[in-house]
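You will see two complexes here that share subunit A, one where it goes with subunit B and one where it goes with subunit C.
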Partner chain A sequence: MNSSPLLRIENLRTFFYSQRKHAFVRAVDGVTLDVGRSETVGLVGESGSGKSITAMSVMGLLRGGPGVIGGRIEFESAHGRQNLLEKLQAFVEVHEQNGRVMSVSKDEKGWRKASERIMRNYRGKEISMIFQNPRTSLNPYMTVGGQIAESIRLHTANRSESEARERALYWLERVKIDSPKLRYKTYPAVMSGGMCQRAMIAMALSAEPSMLIADEPTTGLDATIQSKIVDLLEELKSETHISTLLISHDISVISRLSDRVAIMYGGAVVEFGPARQVLDPHEEARHPYTAALIDSVPSQQKIRDKSNLQAIEGDVLDTINVPAGCRFYDRCNRVKDGIRERCATQHPPLQEISSGHHMRCWLFAKG
Partner chain B sequence: MKKYIQTTVDVVDYSSLPLVQKYALADLLYVAYGLLIVMLVLVSYFAGMFDMLPHDPQQINMDLLMSPPGTDGHLLGTDFMGRDILSRLIVGIQAYFLPGMLAISIALAGGVILGVPAGYWGGRIATCITYISNLVDSFPRMVLILLVIAAFKPDIYYIMIVMGITGVPAVATAISNKIYFLSQKNFIEAARALGLRRRVIIFKHILWYNCRALLIIQATLGMGEAILLETSLSYLGFGVQEPVPSWGNMVQSGANYFLQGNFWPSTAPALAILFTILGFNLLGDGLNNILEDRRGK
Partner chain C sequence: MKNRPYRVILITLLRELFLTMLLLVGVSVVVFAILYAAPGDPFSALLEGQLATDEVREQIRIAMGAQQSWYAQYFSWLFSVLSGNFGTSVRTGLPVSGELFTVSINTLKLTVGSMLITLLVAVPIALYTAMRDHRVVLGWPLTMFGYLISSLPLFWFGYIIIYISIHGFHFFPLASFGGESWLHTLVPVLVLGLGSGTISEVIRQLREEMTRVLGEDYVRTARAKGASVWKHAFKEGVLLPVTEIIAAKIPFILGGAVIVEQIFNWPGMGRMAWQAALDRDFPVIMGIVLIAASFVRMGSLLQRMVFIAVNPHRQRE
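Here is the complex of A and B:
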């Protein structure tokens, strides 16, 4: 869509190792997506599909090995375009056999050091992140204002204490916290979850980054607060034109905020395209998983008709024993006889089926 | 009965309101009493250092053996050799103050150095600390101290170094547990995502904001423990040796005359021990409650 996106993730692979099973957990295996300037991209998927791990990989915040083992994460900043993983590739060696990763040797210390050196210029300054569970994301013993001011003093030109205070109050007002001057002095413990999330958003945006990663920003809040937070995000999005990677399993949140949507299943992006096209229930060209996902969401229509919600049969993909074929094969209800063979044995590539609409499914594969 | 009155109905900006009393009265009293004791100890310590005493603590006065409190300018009386008890009490502070500080410093510094990495990174360091801690806990501290005294000499500094070292695992465990508990919450991750340096996170966010109450409690409890250890060892004759005064050997020497009706030579230092240890413990308790208070009304 955009010729030069702000963030471009290409074929990202993040693995973990299960000591007990002596096998790799393929948490993220083939995520490809891009986020343009002042665009919001939604990342949807079930729990365990690798959404959060993708975000953490971008931020370089992962713990546990081997972690990120391949792919590209390109980010465009004032200093030009940089592949955040480029210099790190030297620290990791991947041995594959028949398209399957058999062993990974990684100099974790070297990787971490190099990663810290690179990410130092990006975290907070270029990419900010807000988390789920806002109440635990703030330091419980520091005042809310103090934490926001700290981030401001670190990242913006407002170095003095009074300037930072002023700025922090401005941001607290901006996220519509009630009586910001009082909240500046209070501790997170006395604030509700919604208020904490507002404070987190203020903290993330106060550093004036060009990109925000919102990892399930509304999870754990109750429905009315959720919609208020979404309202706020919508408003801030139109005012600040910040690029956002919005991670959620809540399709209603995603559909309200996103310009484009990426659907993740089993660690891979299976569909990526304009939100209207991907989430439209009447669209013909849809990945079977997306279709199943949308059918499992209660809508006004379905409630009126008292029709049963469609549950997706089976469990989330076992990311250790990843099948050779399509990862959704076992749960897919649209496998046709003509392509059954291919679905079972070959992993479909992510192909562009129409302008800007990518799909990882043999149903729509060309050639 | 507790009464709640609403007085601010139309206030929009609550920050203009005066702050309600924030801390419990008991905590403030604890801290006030504790600070009073600490001040007394400090003033007496320096008075003793610069010889600003009512009498010479070593001056033997054969005419005034066992004189009761108040005689002839001796505020707390004299002991079995006619020495002024008040002066000896003041000088006695020197017996535990600096050594106790040394023990606390060793325990806290060692505890932080070992506890932070153990809590932050876990793994082998954490296992190591657990082993050391179990080892130290299973070995009676008193026996270790007596061993050191036997091997070197009965010096209060040796005793306190041993006390400091044996205190390290407890502090380290407390800190690493605290950090481990904090790492369950994701504010550390959030701070890293915000681009804060690791040392800022460790020293400012973790140690200063989240562990200071714990460190203060450990320090004040440590001081109380140091006084107790010094006095009990001196009482037994292993600590500070006569004629250098210490509260422990004063209690011991006075105890011989207690049943003869001369209660003051041992009662005065005993009460000093009681109120000083109480002061340090209450100070720690009060400060802990005040620092832990994040209600921020």
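Here is the complex of A and C:
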């Protein structure tokens, strides 16, 4: 599986410049992960950890500067492997001092042009995306069916209007929208959030892409609707074998759908491995942040035991003033005397601690 | 739940037309009352320079029905208007309706033409500066150009253009309705379009609207699925604001038309209104007021129609 992943993100860095604070927000700082064929990879983290920005960087949808400033995003399609950030280096100049980015000059216009040219072949066609807030993500001025048919006509061989309509109705049925013929003609304003998300999923899959990026697909929906959407995604996953990058802060959603899980903290992946190993509360080799994250999730077992929910101490990392050492150092409860020095001063590398299980922590560092 | 846009449009159209009737009646009452209360009357204007005796004056008054109370005069006017008769001009003695028709068509040409000019200049500037979210080198000078053009006073701008076109290009006569030289007729249209002071506002309003729409979630979805951003943002980002702007700016353009028609001797409503106001020519003033009010009303009617046609469900929110 790892020999030739569908999507491979390597050391991605996406910064934003904060005019008010005259500093860089290091939204994504060194994300490395890969998604294999017909595999679902979950991306978990707190709000502000850079999950969505990672996805938007892959799609080239970011607005505001400087945006993506480094790394590789490799994607394999029928036309071969391509680095989606191929020409990036020609447009960006990063000045670093002691490992800190001091200034970035980027030719936004040139880069946007180059990026649009590359991404034109991928957006919708190879990589589809669904978002949170499905109601605002659908165009309120177009019928639901019209939007799905548009996607079909843009990216598949069904070019004629009637063919596209047939396909759109098929996909509406596939995502279990009741009376698809009626829904085809309605506007998003008269549909519920869950229904809109189903329509979004239909729209994303109707172009028959090889990859789906689901950015918080269940956030903002009712709990019952959430579980139904997850059911639907689970079903579609087993039927279509589409590769999925699933972004969520909801560990229960991630654990139901993912084959592998990446945990993000402060703009970097801190742990990446098979879902069973990463999310297993009894697993020994766990990143302290992952452990804290899982302990903070209410489970039936914990409710039965009436044990207190564990909140993670401290605040979400300030991505402007990133500490020199481990980013989780201030909140970590497993710093031992032997490694305290290194934790405080050196940023740990992402190392493979067992087959397919990567960790960014000095506790498990080799050598 | 069933989607029947045409029926919704029809119902709204009828309702709006009914409201328009009420509005026109209201406007006519107010203007009539103001005219009645204003000093001066058509007879002194009519008899200016003539040595008419008080006796003669009184006879004319009685002949024109001016001795009645003001509401009796209003209702007799209203009923004759409802039967299609706008009365006769005090000054010329000719029926108002025929003249009103040709004159309002001329003004319509002027206002529609200059509105088009305004939009042709302002819309590309607004969209150009909105479509690119990184800094546009040309954006600032273009915006400044809009503000500059809009701050030129119309009466000054018009005379300068006349001066330049005659002395610089021997471009003459301006605003002639002969038909052989439509280019000459274009000059006042250009002047009103550029100088009516609406360009900068149109630029600002449209750019803000378009920038907002470009940041909407559904436009992001369109980009993510590889569809044209332009196509998805068009309805909310261009069509709706532009019709809104047209509806909102018609009164300003009509106001500007009065000045431009004076300067260029354009045989339109504004010039006629000006003359009628000097003459205290009540039937003409009332007729023009009604036509102008219905122009303004038609603008907002158009806006409502487009709004509903664009999305039949939005109106309920």
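Please note the rule applied: the second predicted complex is superposed on the first by the 366 of 367 C-alpha atoms of A that agree within 3 Å, B and C clash if a C-alpha of one lies under 4 Å from a C-alpha of the other, contacts with A are read in each partner's own complex, and residues count from 1 in each chain.
Note that contacts are C-beta pairs under 8 Å (C-beta built on N, C-alpha and C of every residue); 3 or more make two chains touch, one makes a residue touch a chain.
Treat the numbers as computed from the prediction; the structure is a model and nothing was measured.
Answer with clash or fit: subunit B and subunit C placed together on subunit A by superposition.
Aligned on subunit A, subunit C clashes with subunit B.
Per the contact definition in the header, classify A:Ala90: touching subunit B only (first), subunit C only (second), both, or neither.
Neither: A:Ala90 stays clear of subunit B and subunit C.
Per the contact definition in the header, classify A:Gly65: touching subunit B only (first), subunit C only (second), both, or neither.
second
Could you look at A:Met102 and tell me whether it touches subunit B, subunit C, both or neither (first, second, both, neither)?
Neither: A:Met102 stays clear of subunit B and subunit C.
Between subunit B (first) and subunit C (second), which does A:Asn133 come into contact with in this model arrangement: first, second, both, or neither?
A:Asn133 contacts both subunit B and subunit C.
Can A:Ala324 be said to touch subunit B (first), subunit C (second), both, or neither?
neither
Looking at the overlay, does A:Lys181 come into contact with subunit B only (first), subunit C only (second), both, or neither?
Once the two structures are laid over each other on A, A:Lys181 reaches subunit B alone.
Output check: A:Arg120 vs subunit B and subunit C. Expected answer is one of first, second, both, neither. What do you get?
Both partners, subunit B and subunit C.
Would you tell me the residues on subunit A in contact with subunit B in one complex that are also in contact with subunit C in the other?
In subunit A, residues 59, 61, 120, 123-125, 128-129, 131, 133, 136-142, 150-151, 154-155, 185-187, 189-190, 200, 203-204, 207 are touched by subunit B and also by subunit C.
Taking the complex as given, what residues does subunit A use to touch subunit B?
Checking each residue of subunit A against subunit B gives 59, 61, 116, 120, 122-125, 128-131, 133, 136-143, 150-151, 154-155, 179, 181-182, 184-187, 189-190, 200, 203-204, 207.
State the interface residues of subunit B toward subunit A in the complex, per the touch definition above.
Within the complex, subunit B touches subunit A at residues 12-15, 184-187, 189-198, 205, 209-210, 294-297.
In the complex of these two chains, what residues of subunit C are touching subunit A?
Of all residues in subunit C, those touching subunit A are 1, 3, 133-134, 215-218, 220-227, 232, 235-236, 310-314, 317.
Which subunit A residues qualify as touching subunit C in the complex?
Residues of subunit A touching subunit C: 59, 61, 63-65, 108-109, 112, 120, 123-125, 128-129, 131, 133, 136-142, 150-151, 154-155, 185-187, 189-190, 200, 203-204, 207.
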